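In what follows, a single structure is set out as structure tokens and then discussed.
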Amino acid sequence: MSHAREVLQASSGPVDFGLDEVAAAIDACADAAQACTSCADSDIAEQDVAAMRDCIGLCLDCADVCGATERVLSRATRYDNELVHRLLLACVRACASCAEECARHAAHHEHCRICEEVCRACEQACRVLLDADAFDEQRAPAGG
Amino acid sequence: MSHAREVLQASSGPVDFGLDEVAAAIDACADAAQACTSCADSDIAEQDVAAMRDCIGLCLDCADVCGATERVLSRATRYDNELVHRLLLACVRACASCAEECARHAAHHEHCRICEEVCRACEQACRVLLDADAFDEQRAPAGG
Amino acid sequence: MSHAREVLQASSGPVDFGLDEVAAAIDACADAAQACTSCADSDIAEQDVAAMRDCIGLCLDCADVCGATERVLSRATRYDNELVHRLLLACVRACASCAEECARHAAHHEHCRICEEVCRACEQACRVLLDADAFDEQRAPAGG
Amino acid sequence: MSHAREVLQASSGPVDFGLDEVAAAIDACADAAQACTSCADSDIAEQDVAAMRDCIGLCLDCADVCGATERVLSRATRYDNELVHRLLLACVRACASCAEECARHAAHHEHCRICEEVCRACEQACRVLLDADAFDEQRAPAGG
């Protein structure tokens, strides 16, 4: 656990939505970003690196998207709700794709097993925010 | 202009969609990420920093989202189309929000005028990819 | 605590230096990057934002340097020792500068008090690696 | 070319050192970060991926260090000179290591040839700042 909850609570800005849920999502994103960076590195060192290509790419993407989501969520004094909503949708997808691919290798690569677990937890933590409509999307036209 | 187009073209992986449009979006994201980082810094140094709070926050968010989008788009040998689609939607929103706020200060802060222009260009470059359905979203349930 | 240690241990690549120390530094960098991002955001929302300019800038720098250090340390299967050494020196400086400035505001801004503490811990975790000569710098000429 | 120079010039904060040299380094870092991200991705897709392991790792490290250096340099209204100095030393190393490895593959992988060139240019742009003592290091004890 990071100090995310503690710092959020000390902020003078309001967090409209549940502080615990936001802090949990920040921590989950940070954990997933790290696990994905490390898993990609381990994939590259594996004997069967040629079979790990998709895993490497999805881990690298997931690390970047989780990192950006963590940062945007950490700026809790004034959220652009629609941006947060869209970013959470991207993060959910990145984690789900990465977890699905890691699952294929979990039996023979322990780092993939852990990475899958961490990505699933991050996907879930982001879904909690989405399901609570914490960051209501102003229903704009697609791409709007 | 960066070397984005040149490196993409040298890649052994296919770029299904127009190489020029993807390279343009990568360059636009990179430019926006830099301009937003610099604009936020300049905002902080302004006499009227208290009036620039929204601008600082939106610039910082935009820098992070554009940075992640640039990186994911740069991994062109195998795109997770749905992830790219969602990330482009987030990037379009981040750029539009930032540009709108910068526009309010463009008359008295030259860095805001430039940042608005650069963000609008990035928004447009991302919309080109979205409008061309280059990255078709597999229509999933909301949050799916 | 993240899953850094667990993923590192699952890696097929060797970690010459103590696994625990590297994992501790990764976690400390991740924690500092988050706290600094959040502290900068809280600074901006404070009434005395004009007095917080240095704090905001140092927090943003520290977040970026800690984030890069975390990622490079997470790629443990093959370190460029000299790069890691230099990056740790930069990270130690970023954390020390940020902590020093946050300390000035710790009495009236709780988020600064926490951020100072987290940055000091990160500085310390990086110094452990430097002091152990875990990443020996091949003594190159300045700028070499 | 990005808008780095234009935004720097519009900043109310002073840039003690040559504006052109700082803007050039920012652009060079941005270009290298992108080229390295793209080169790593192309490496992964190559038939001889097993021979590209070092290249992938060094490219990923270089992208992260150049990205952080770009951001810190972009915050030109108040530099922590010693931090910038140390970060430039890390960036010079990251670029040199990456360029050296890319050079080994330049004959058969065009993306490595381009990446080498871009990294060499970034190394050089950072050295210009270091050689000019633009960011004097307050001579602290090693690790200080």
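A, B, C and D are the chain letters, set down in written order, and residue numbers restart from 1 in every chain.
The rule is short, and it goes like this: a contact is a pair of C-beta atoms (placed from the backbone, for glycine too) under 8 Å apart; a residue touches a chain by one contact, two chains touch by 3 or more.
This is a predicted model, so every value here is computed, not measured.
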Of B-D and C-D, whichever chain pair has more C-beta contact pairs: B-D
Centroid-based (C-alpha) most distant chain relative to subunit B: C
Whole-Å gap between the CA centroids of subunit C and subunit D: 19
Centre-to-centre distance between subunit C and subunit B (centres being mean Cα positions), rounded to whole Å: 27
Multi-partner residues of subunit C (each touching 2 or more other chains): 41, 44-45, 53, 57, 60, 67, 71, 75, 77-78
Subunit D residues within the subunit B interface of the complex: 1-4, 6-8, 10-13, 26, 30-31, 33-35, 37-39, 41-42, 44-47, 63, 67, 70-71, 74-78, 109-111, 113-115, 117-118
Of subunit C, residues touching subunit D in the complex: 53-54, 57-58, 60-61, 64-65, 67-68, 71-72, 75, 77-78, 80, 82-83, 86-90, 92-94, 97, 127, 130-131, 142-144
Interface residues, subunit B side, partner subunit C - complex: 40-41, 44-45, 49-50, 53, 56-57, 60
